[in-house]
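The next part holds the structures, each set out as structure tokens.
You will see subunit A twice below: alongside subunit B first, and alongside subunit C after that.
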Partner chain A sequence: MYSYYFKLALLSLRKTPLLSLLMVIMIAIGIGATMTTYTVSYMMSQDPIPNKSANLYQVQLDSLDYEFADGDTLPITISYQDVQALLKSDIPKNHVALSAIQEEIRHINNKDIEPRSLEVRSTTSDFFNMFEVPFLFGAGWSEQDGKDAAQVAVLSKETNTWLFNGENSVGKTFYFGKDTYRVIGVLDDWNPLPKFYALQNEAFKKPNGIFIPFNTQIQNELLTLKLMNNYCWKEPDDQSFASLLVSECMWVVFWVELSNKKSHDEYQTFIDNHAKEQQSLGRFPRRIFNKLLPLKQYLIVEEIISDDSKLAVWLAALFLLVCLLNCMSLMIAKFDAKSGEIGLRRAVGASQQDIVKQFAIELSVIGFVGGLLGLLLAKLGLIAAANTYHYLHSGLMQMNTQLTLGTVLLAVISSLVFGLYPIIKASYMQPSSQLKSL
Partner chain B sequence: MLKMKSLSKAFVTDAIKTQALHPFDLTIEQGEFVSIIGPSGSGKTTFLNIAGLLEEHSDGLYELDEQNVAQFTDKKKSAYRNEKIGFVFQSFNLIPELNLYDNVDMPLRYRKFNRDERHKRIMQALEQVGLAGRKSHYPTQLSGGQQQRVAIARAIAGTPSVILADEPTGNLDSKMAEGIMSLLKDINAAGTSIIMVTHDNEQAAQANRIVQIKDGHLSEYTHNKKAIA
Partner chain C sequence: MRDFLPIVKTFKKKKTTPILLAFQIAVTFMVLVNAIYMISERNDLIASPVGVDIKNTLTVITNLSDEHGDLINQLEDDLLALKNIHGVINAAPMTALPLEGWGAYIEFKLVPDEEYVAFGGYFGSNEDVIDALGLTLVAGENFSPSDIQTAERDGIYKPAKILITRALAEKISPDNWRDILGKNIYFYKEPHEVIGIIERLQNAWSSWSAVEYTVISSVRESNHSQRYIVRVEPDQMDYVIKAIPEALLTHAYKRIETIEPLSEVKKRSYQEDLATNQLLTSVCIGLTIITLFGILGQAKFTINRRIKHIGTRRALGASKSQVVRYFMLENAIISTIGVVIGILTAIILNNQFVELLAITPVPLNFLLFGAIAIVLLGQIAVAYPVSQAAKVSPAITTRGA
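Here is the complex of A and B:
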């Protein structure tokens, strides 16, 4: 019977092409606008590393001499001297210190390749293992390379394509500022969204192009203040790099991977003991208050998952509502025009249920076509957004399979919900009054 | 087959009550051909709508095949209309975007017959009205008489007990009307009851019973053609 209703739906669409087209366009515009904004919001709130997010913690230490923010919140960075102490622990499965610098990158001898100023991630050797970073060629640097501050680098796929035409560049060298660095690995596509491991203002920016050992940054005294969250609550003795390293300035992000509760508790004790030890040396003046902030909580606390995008979704949903209300009035007009046919079908034996089913299928077809067109509009909207906000992560502007299917489903369901009144009104039509109007 | 006792119909709008049909008794047996005559606005169509379960009566008893229809749900009424009643309208009421085959198929679809059974019935009905060869044509490609034949085919495809015809020849010229009357008589001869509303006294006289409705009052004549004329 449903195939019969489907056939009738197609006939009906052919009979009133303009009205049907208007309904489809109305649904498509509403769905397109809603899904464009929803996609961005949805992608922003995804778990960036679902296999591990439960085991990843950001280390936050209260080494300040006054109450920070509300007293419960701590800076997301810690001082270099604390980093040095924490890196000695073997409790975490992995631990990572990271910062960022900006540097000019050039090909070693090919002058045709224009130099670029890239954001460089400086980190420790566990980074690639801890964050499940995929490699196309080579691998990350060893712990020893890290300790030795080797001038080695891991390139992103994009950087490798730019600098080495996408070839296996492991072993090749390039200019990193004035120095020469050797490529040790090339990443495959890796765009965790949000870019959770970095500073909160980088969360939706493009992935880093180059990774170098943290100690290499230190050894070469490289700093880019605008890429750091340098919380200097107590000024260093002087402006030298060496003074920064021994100061209370908090500028290094520190993550640990703790596989179970036991190691979590052990590590908490470890950092508390470290704080107590430092306290005896005159640091950590106020209290012993150190946090292992779970990744998901970190994303919420730092408002990386923000309410602004949700507001945009609500506004778009309101727009969809207006479109659907307009569509509803067109549905009423459409079914009114079919009153003669309804009367006839009722006379020859169609029950109210049969009429409801017939028109529900018709609206589903309209909703489905509107959904497909809306999907196209949403994808165009996302392409436009990606072009306008090119500095943002491209993954934000891409629909996954769930969202693609959800778009069409939303169109069909909303068509049916808003078609409910016109359909029921049509099914309750007094058949005898309409038999002369066919 | 059809039994109405003290049946009446009143329309109430605001404070005004209009008595469309005053209480009447009427019984029609299986196989009868009954004509309903009367001036415009006398209540003929209202009677037909009540008989066809398209409208509810206000008072009294209506039994169709010994079932009191007042207790029927919408679903049961629809099923009864589908199985026991065939409708023929003055303006044919065919769906223009469906071909003849699909127009005749319409009531059978709600009967949940399988494909083969529907095909057999559609072809039989179209053959009976002489249009089997034009099953793929659309209503607009046919004359008025032919369209009414299709409507009759649609009414008989479900082998109903009774056909309710509301001025079936009202939109046709006399020659075509004759053909339609002849077709209805053939159907009646095969055992299907026919209740036909008409303005045409000659056609009314071809029935074996005539019922007159005037100002909502129903009165019955048996072979009393003069009284009507």
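Here is the complex of A and C:
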């Protein structure tokens, strides 16, 4: 039965090639535009670390002496003195302090390799474990190395390719500014989207090319103001690095992993107690208001997904709507032209349901072909989008399997939904009315 | 106009296609009007002047090194080298660059320990800053060399003489902006004496509401990653950019992080707006084409269905122009209905739109212009099929069914 309808559908498509082609093109353009913008927006709002996102929290402390923003929002960074205290706790499964610096990286003796000024992530030893960072060679530094401010580094795959030709470079040394650092690990491809752990303005940029222990940054007094979110609400005593460390300046991002409710509550008590203790020493002048902001909420509060991308999806959806309305007019025209055939089929015994089935299959075929073409257009659209949004991560402009299947499905379903009315209308045709004119 | 009633009557008989078309026009209208308004808003924003001689200004970021003596001496050497390049008008150190997207922001107080009266962006530089950026001084005077202080970092905390933008002066003393001259503005509890007012200078963040509220302090800073601003004579940009590395890289430790025209910095700061504009423009073009096709297709369809009807009218004495008028009017009515639905929806859903998409509502004159444009567009689209319809021969009525 269905294969017969399928044959009929193909026959009908061949009979009205122009009209059918126009319908396919309408659906394809609408689907293409919608899926291009939706892909970008969908990839932006992906869960960057699905296995763990429920257990990751950003620590925010209100150590200010006046109200920040609307009072409920706090700076995303905390002061170095607080970092030191928080790192002593053993309640969280993992905890990570991070900042960034810019430094010139040079090969130890090969003059042919141009030195590069790279953005360097400085962080604590739990970073790689906590954020599920994959290693190609070696591993991250130990807790002891971190404490000792060892001059070791983890390179990204890209940096390793540039500096060491992609070989296993563990144990090799290179110039980090004026010092020599030893490679301790090389990462495999790693592109969390969004790059949730860092500052808001780098959410859709690649992870930094090189990682060093946080204490090594402190020990060597390295600072790049441009890469920090330094909230200095109270003037440090002087301009030295040492007074920055003991100042109220808030510049370190701090994340913790808390596996269950119990450790979450324990940790909340711990940071509140820390604040109270500091209050008795004259800090935290306003209130005890400390937050463990869950990762997902952090992404919303910091508005990582831009309004522009939401807007684009809405515009594209309206675009699709216009295309489908257009398609609907075409369907009516198509079925209108076929009224003779419908009348004849009804007269020789086809029921209304049979007519509905037949045309539904015909529309599904059109929708399916439109969907495939739309998929192609969406891929082209994404290439164009990657060009337009050249400053964003190219990983945003790629469709995964779900989206690919969803595209075709959306095309079929939407053409059926918008075809419902024309189909039903056609099936109500009285056999007699058409037979007369045959 | 006497065609009006017959047209409305045919709508009653065959409603689906005109309703679909009207609805389609309503959506197209809403999207087009909103998108074009957003594009023009963004274009205005991108076109807003930075306040500097943007065509002839470039920026250099280079390193100062602790191991090679006093940072300030290195800074002076760099400045001297830059100023000596042929074609350079002046050069000055800056703590950050206009529209760079990074810098210091401060809250301005008239009395320390009281509520702030404004907030804005901060730059620190020296007496050459006005000349090196090509700023316009509208009141007061420039720094004199004796005003200039030096800091390694955090010059922001030093009491100093400052220049402020006129926008900031107007914000702080709305009655007469010149009144602020000679007075102190406090930030970080230190007094800063306003000695000059400049016409305009945008600070670090282009999308910030306080982008026009800028102070330049007379404290120059020496940073490990040091920014300079260089103004060149007209048409000397390329030459100077090529000459800078040779002039600055006098020692082995010297590196240049970037040399680029300030116009590039500005372009980068608006890259998101530019990209969005591109996207909106392509949506507009695509939508217009699709809708034109829709109108064309619908007109062709209704005309095909009414070939006989047209023939009869022609046989009964209607002229070609009357047939044309009939179908043009039909299309105009449908377009108008669509546009009216569009305007009503826009007005009713206004608040939801604004909230959901964070867009500003479209002003009324935009809606009216859009409405007229859409109706005209419909008339153009319908012109070809209608001219075909007028060619229908009256003789068609004489043929059998």
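Everything below uses one rule, namely that the second predicted complex is superposed on the first by the 424 of 438 C-alpha atoms of A that agree within 3 Å, B and C clash if a C-alpha of one lies under 4 Å from a C-alpha of the other, contacts with A are read in each partner's own complex, and residues count from 1 in each chain.
Criterion: a residue touches a chain if its C-beta (ideal position, glycine included) is under 8 Å from a C-beta of that chain, and two chains touch if they have at least 3 such contacts.
This one's a predicted model, so the numbers in the text were calculated from it and none came from an experiment.
K.L.:
With subunit A superposed, do subunit B and subunit C clash or fit?
P.N.:
When both complexes are placed onto subunit A, subunit B and subunit C end up side by side without any clash.
K.L.:
From the overlay on chain A, compute the angle at subunit A's CA centre subtended by subunit B and subunit C, rounding to the nearest 10 degrees.
P.N.:
Computed from the C-alpha centres, it is 90 degrees.
K.L.:
Which partner does A:Met1 reach: the first (subunit B), the second (subunit C), both, or neither?
P.N.:
A:Met1 sits against subunit B, while subunit C stays out of touch.
K.L.:
If you stack the two complexes on chain A, which partner ends up touching A:Cys323: first (subunit B), second (subunit C), both, or neither?
P.N.:
second
K.L.:
Go through the superposed model and pick first if A:Leu11 touches only subunit B, second if only subunit C, both, or neither.
P.N.:
first
K.L.:
Pick one for A:Ser432: touches subunit B only (first), subunit C only (second), both, or neither.
P.N.:
first
K.L.:
Under the stated touch criterion, which partner chain does A:Gly349 make contact with: subunit B (first), subunit C (second), both, or neither?
P.N.:
In the superposed model, A:Gly349 contacts subunit B only, not subunit C.
K.L.:
Looking at the overlay, what does A:Glu341 touch: subunit B (first), subunit C (second), both, or neither?
P.N.:
After superposing on A, A:Glu341 lies in contact with subunit B but is clear of subunit C.
K.L.:
Could you let me know whether more residues of subunit A are touched by subunit B or by subunit C?
P.N.:
C
K.L.:
Have a look at where A:Thr224 lands relative to subunit B and subunit C in the superposition and call it first, second, both or neither.
P.N.:
Only subunit C is touched by A:Thr224; subunit B is not.
K.L.:
Check the superposed model and tell me the shortest C-alpha distance between subunit B and subunit C, rounded to whole Å.
P.N.:
In this superposition, no C-alpha atom of subunit B lies closer than 12 Å to one of subunit C.
K.L.:
Which residues would you name on subunit A as touching subunit B in one complex and subunit C in the other?
P.N.:
Shared contact residues on subunit A (touching subunit B in one complex, subunit C in the other): none at all.
K.L.:
Per the contact definition, I'd like the list of subunit A residues that touch subunit C in the complex.
P.N.:
Subunit A reaches subunit C through residues 22, 26, 29-30, 33, 37, 102, 104, 115, 117, 178, 201, 224-226, 232, 235-236, 239, 306-308, 310-312, 314-316, 318-319, 321-323, 325-326, 328-330, 332-333, 336, 385, 388-389, 391, 421, 425, 437.
K.L.:
Mind listing the subunit C positions that touch subunit A in their complex?
P.N.:
For this pair, the touching residues of subunit C are 16-17, 20-21, 23-24, 27-28, 30-31, 35, 63, 67, 101-102, 151-154, 157, 188-189, 223, 225, 255, 257, 268, 271-272, 275-276, 278-280, 283, 286-287, 290-291, 293-294, 297-298, 301, 305, 356-359, 401.
K.L.:
Taking the complex as given, what residues does subunit B use to touch subunit A?
P.N.:
Residue positions touching the partner: 45, 49, 52, 54-55, 74-75, 78-79, 81-83, 87, 89-91, 93-95, 97-98, 106-107, 109-112, 154, 158.
K.L.:
Inside the complex, what are the residues of subunit A that reach subunit B?
P.N.:
These residues of subunit A touch subunit B: 1, 4, 11, 14-15, 340-341, 344-354, 430-432, 435-436, 438.
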